[in-house]
Amino acid sequence: MATIGFIGLGNMGGPMARNLIKAGHSLKVFDLSEEAMNFVVQSGAEAAKSAADAATNVDAVVTMLPVGDNVRSVYVDAGVLDAVSEGTLMIESSTIDVETARAMHAAAAERGYQMVDAPVSGGTAGADAGTLTFMCGGEAAAFAQARPILECMGKNIVHCGAAGLGQVTKICNNMLTGINSLAVAEAFVMGEKLGVDRKILYDVISTSSGDSFILSNACPMPGTLPTAASSNGFKPGFAAKLMLKDLRLSQAAAQAAGTATPLGAAATAAYAMHIDQGNGDLDVSSIIKLLKPDV
Amino acid sequence: MATIGFIGLGNMGGPMARNLIKAGHSLKVFDLSEEAMNFVVQSGAEAAKSAADAATNVDAVVTMLPVGDNVRSVYVDAGVLDAVSEGTLMIESSTIDVETARAMHAAAAERGYQMVDAPVSGGTAGADAGTLTFMCGGEAAAFAQARPILECMGKNIVHCGAAGLGQVTKICNNMLTGINSLAVAEAFVMGEKLGVDRKILYDVISTSSGDSFILSNACPMPGTLPTAASSNGFKPGFAAKLMLKDLRLSQAAAQAAGTATPLGAAATAAYAMHIDQGNGDLDVSSIIKLLKPDV
Amino acid sequence: MATIGFIGLGNMGGPMARNLIKAGHSLKVFDLSEEAMNFVVQSGAEAAKSAADAATNVDAVVTMLPVGDNVRSVYVDAGVLDAVSEGTLMIESSTIDVETARAMHAAAAERGYQMVDAPVSGGTAGADAGTLTFMCGGEAAAFAQARPILECMGKNIVHCGAAGLGQVTKICNNMLTGINSLAVAEAFVMGEKLGVDRKILYDVISTSSGDSFILSNACPMPGTLPTAASSNGFKPGFAAKLMLKDLRLSQAAAQAAGTATPLGAAATAAYAMHIDQGNGDLDVSSIIKLLKPDV
Amino acid sequence: MATIGFIGLGNMGGPMARNLIKAGHSLKVFDLSEEAMNFVVQSGAEAAKSAADAATNVDAVVTMLPVGDNVRSVYVDAGVLDAVSEGTLMIESSTIDVETARAMHAAAAERGYQMVDAPVSGGTAGADAGTLTFMCGGEAAAFAQARPILECMGKNIVHCGAAGLGQVTKICNNMLTGINSLAVAEAFVMGEKLGVDRKILYDVISTSSGDSFILSNACPMPGTLPTAASSNGFKPGFAAKLMLKDLRLSQAAAQAAGTATPLGAAATAAYAMHIDQGNGDLDVSSIIKLLKPDV
C-alpha cells in the first residue's frame, strides 16, 4: 500500500480520497476548507499543513481542483512541484484546459518527474461508489504506475495517449453531452407543442436513431424519466454552470485544434444565456427552460 | 386477407409492397416508373392504370412518396380521394410536412373517410426485412384498423396521437439524428486533431455520457466502425440530401410550433452548405467532410 | 385623382390611407375594428361595409394586413378577388411569405387582373410622414400604374422584379436588420464586460468597419443613442415579436431558395427564445436582454 | 523628433515605419526577414541587429507582429523588456488576445515602464496612406505620450481605456465585421436565388435598415460594387484567414468576459469551415462561397 497526498477534497475529491483510504492506502490530505478536510480526516487521513506538505514524502499526489488556474497555483505557486521527490507520481484529475494540462506535464518533466492527467466522468455518484471513468494522458510507464491507484476510485481506466489527451477525450465527451441535452430539449419541446405526448416521444425516440445516453438516462423533459433531475425540480446532478465550464473548455480546445464546431459553439452560447438568467445551480437538464421557461 | 392499393414503389415502397404480398394480401400497385411497377408486379401484384385506379375497390390504400407536393398531387389532383369508397382506410407513409399531412386528413374527413399518417424509420434495410418502425397519427379506430396491415411491414407500430402526430414524432427523431451526426463529427475531428486516436475516442465516448445511437451505430469518423457508411466511402445508407429534407421539415415544424431550435437550425444550415458543395448523394455521415474535407 | 379601396387600417394602414386622402384621392376603407375605421373616416374616407365592398367600383385596392393568412382571407374568402373589376389594380402591402404573395398574384392573373406586392420599410414614423420605402414585385405595367399611388405614401418606390420579389427584397433586408441588432448587442455586452465604456465603443465602431445602420441609428445598448428605443425603456419602435415574424419569413424563404443562412437561423432561434421569455412587445433592440438580462 | 525602435516590418509594419521616417523620426528597425528590413532601410532607417538592439537607447518602441506568441517572444524571450530604459514608451500595435496584451502591460509595469496597446484598423491601404485608426489601451499619460507618434501613422487615435482595452475595442469591431460579411452574403445569395437581381438588392438594402459598412463598401456578392474584392476574384484586401484569427480572438474574449455571442460563435464556425476548404488566402468576402461555391 502507498502513501498518497490528496489535494482538493470537494464534492468529487472527498469521496475519491475516502475510497483510497478504504483500499488501504495512507493519505495526507489538504484543502483550503477545514470542513472538507475534516470529512476525510475522520475517515483516517492525516491532515497536511499545506499543499506542499501533502506532496512531501509520498508515493503519489492526486489533485482534484475546480479550474486550470487552481491547478497552476497548487503545482507552481504553492510549491507541489518543488515538494515532490524522485519517484513521486503526480495524478492530476481536475477537468481543465488542455494548455494548462500540458504545461503542468512539461513542468514536471523538466524536473524529471512523471505526471498523468486523469479527468473523470461519473459525477458525485460515481465518486462515492468508486465507479468513475478515468481518461488518462501521459507516458505508458506513468499510466501503468497510476492504474492500481485509479482502480481504487474507478472501474474504467483508459489510457487515451500522451500528455493532455485525457483532458482532450473528456472534453470531447462532455461537449457531446452538453449538445445532446440541448438537442433533446429542442425535440421534446417542439414535439409536445405540436401535440405529441412527451411519454410517447420518449418511448419512440429512445428506441430509434435519435436516441442518446442523455435522452435515455437524463431526459430534460420533466415526467419522462422519474429518476431524472428534470423530474425532480432540476436539482443537480451536474450543475448547468459546470456544463458551461466544460463547453467553454471545448471551445478553447476547438481553437487550439483549429477546427470548426458549429453545434458546440451554438450550445456554448445557449448555456451561457441560460446561466446569465440565473440558472447556473440547476441541473444541466434545466437548459430546457431556455426554450420553455415555464416547463 | 385484404385488397390493398399501393402507390409509390421506390426504394422504400417497393419492398414494403412485396412484404404485404408475402403476408397474403392482394395488391393493386401504381408508380410513374414502369421499372418500379415491374419489380412488384413480378412478385404477384396487379398493375393499376393510375393512382386513382389503384385506389378503387380496395380495403386500404398505402402511399409512399418523396415529398408533400407528391402526396397532395396523388390524393387531390390524381383523384385518389375521389376514387376511394366508404370503408377504405388510407395509410399515408411518406415523410412530409405536418401541414400537408393535416390537410390530407382534413380532406379525407370531409368526405367521411379515415386516414392514418404513418411515416417510417428503419431505412431500406428495414423495408426489406419488414422491421420498420411506423409512427402513426389519426383516430384510435383508424389506427386499430391500420395496425394489422402495418405489422406486415414493420415490427414496431406506435400510435403517436391525432392527425399529423406521426409526422411530428418522426421529424423530432430525425432532427436529433441529424444533429447527432454532426455533433459526433465535431467531437471526433477535434479530438483527433488534438492527438487522440479515433478508436480510443470511440471506445471511451461510446460507453460514456456523450454516447448516442449515431455514435455507436453510424459513427461518421471512418475507421471507427467497420460496417458504418463512413468506413465504406460514405455510400448510403441514408443520403445526406434526405437528411437535409428532414431537417428542413423540422424547421418548418419549429415555425409551426413557435419554438426555438438553436441546434436544429445550426444543423440545417450545416447540411445545406454540405449539399451545396455537391455531397447530397453521399451518406448522411459524410457531414464530417464539412469539418475535415480530406477525411 | 382615383377612387381607392383600402383594407387594413392599423398602425401602418391608417396613416397610409390618410396620406392618400391628403393627396386628393377618394377612399373607401374597411377594417374589422370600428375604431380603426373611424380614425380614417374622420379624415374624409367613406366607410365600406365589407372588404368586398371596399374593392367594388374602385380604381385600385390597397391591402395592409398582419400575416399571410389574413391576406388570403381577404382576397379569397372575403371575396375581394371577385369584387374587383377589369382595370382595378391590386396593391398588396402586407409583409407576408413569398408563397402566399405568389399565390395571390396567380389568383389575380387567372382572373385577368394585375397585382403588385409592395411591402414597406420605414415603420409607423414613415407611414405618418409619407416617407416609406415600397419594395415592389409584379409586371412592369402594373408597377407603372402603382407608382403614382405609392408616391403619395412613400418617397422611395422600387421595382424589385416579378411577382413576389418585393416580399423577397423586404425579407432579405429585415433578416439583416434582425441579425445586426443581435450582433451589435453581442459586441457591446462583450466589450463593456471587458471594461470598455459603451460610448467609446459606439464612437469607435460607428466610424469603423463594424458599423451598420442599426448600430448608428438603433444601437441596442442603452445610453449610447439618446433617441434610440434602448435608451427609452425599449418602448417600440418595432416590436421584437414583429422581428421574429420577419425572421421566420426569412427562414421560410431560405427553405424555398434551398440556401443556408447560418446567421439568419441563429438569429431566429435567439429572438424566439427572447420572446418566449415574455419580451415580444418590447422594441427589437431588447434582444440585448437575452445576453444581459439586467441591462 | 524621436528615435524609435520598430519591430515587425510586414505588410502593415513596413509602411507604418516609413510614415514615421517621413515625419522626421529616426528609426532603428528589426524583422526576421531581410527583405522586409531592406524595404525600410532603403527609406532611411537604421538596421538593428536584433529585436533587443532595436529597443536599446530609443525614445519609443513600436511592435507590429502577427500573433500573441510573437509578441511574448519579442518582449520576453528576445529581451525587449530588458533592453528598454526608463522613459522608453512601448507601443504594441499587433492584434492579439487580451490576455497576452494585459500580461505585457503587467510585465512592463513591473519594471517601471509604460506601454500602450494600440491595434489598428484600416488595412494595408490605411498603413500606406497614414490614415489608420489606432484603438489604444493604457494609462492616460502613456496615451498622451503615444499620440504624436501614432498621428504620424493614422488619423484617428482613440483612447479606449486601461491596459488591453484597445485590443478589446478592436476585436468587438472586427467580430461585427466578420458577422456582417457572412450576413450580407446570406441575404444576397437567398435574394438572388429567389429571383431578385443582385444590383436591386444592393440599391434597396444599402439605403435601408439592413445596411452596414460591409454591405456598402465590401459587399461579398460579385458585381454589386466594382471596386470590391468580390468583383475582383476575391483578391485581398483582408484575407479570410486573418478574419478567422480575429473571430477566434473574439471567442476567447467572450470566454474571458463570460458572455454569450451566438452570432459571433456561428460566424467563427463558418469561417473555420471556409478556410478548411482551402480559401484562407482569398479576401474575407469569399465567405460567400460557403453558401454558393460557384459564385
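Order of writing sets the chain letters: A, B, C and D. Residues in each chain are counted from 1.
The working rule: a contact is a pair of C-beta atoms (placed from the backbone, for glycine too) under 8 Å apart; a residue touches a chain by one contact, two chains touch by 3 or more.
Nothing here was measured: the structure is a model prediction, and the numbers come from that model.
Shared contact partners of chain A and chain D comprise B, C.
With centres computed as the average of Cα coordinates, no chain lies farther from chain C than A. By count of C-beta pairs in contact, B-C exceeds the other of the chain pairs B-D and B-C. Distance from the chain B centre to the chain C centre is 38 Å, each centre being the mean of its Cα atoms. Chain centres here are Cα means. That of chain B falls 50 Å from that of chain D. In chain A, 258-262, 266, 269-270, 273, 276, 290-292 are the positions where the chain touches two or more neighbouring chains simultaneously. Viewed as a network of touching protein chains, the structure reduces to a complete graph with every chain in contact with every other. Within the complex formed with chain A, the chain C residues making contact are 262, 266, 273, 276-278, 290-293.
Remark: chain B residues 98, 121, 133, 135, 156, 158, 160-162, 164-165, 168-169, 172-177, 179-180, 182-184, 186-191, 193-197, 200-201, 203-205, 207-215, 217-218, 250, 253-254, 256-264, 266-267, 269-270, 290-292 touch chain A in the complex. On chain C, the positions that touch chain B within their shared complex are 248, 251-252, 255, 258-262, 265-266, 268-270, 272-273, 276.
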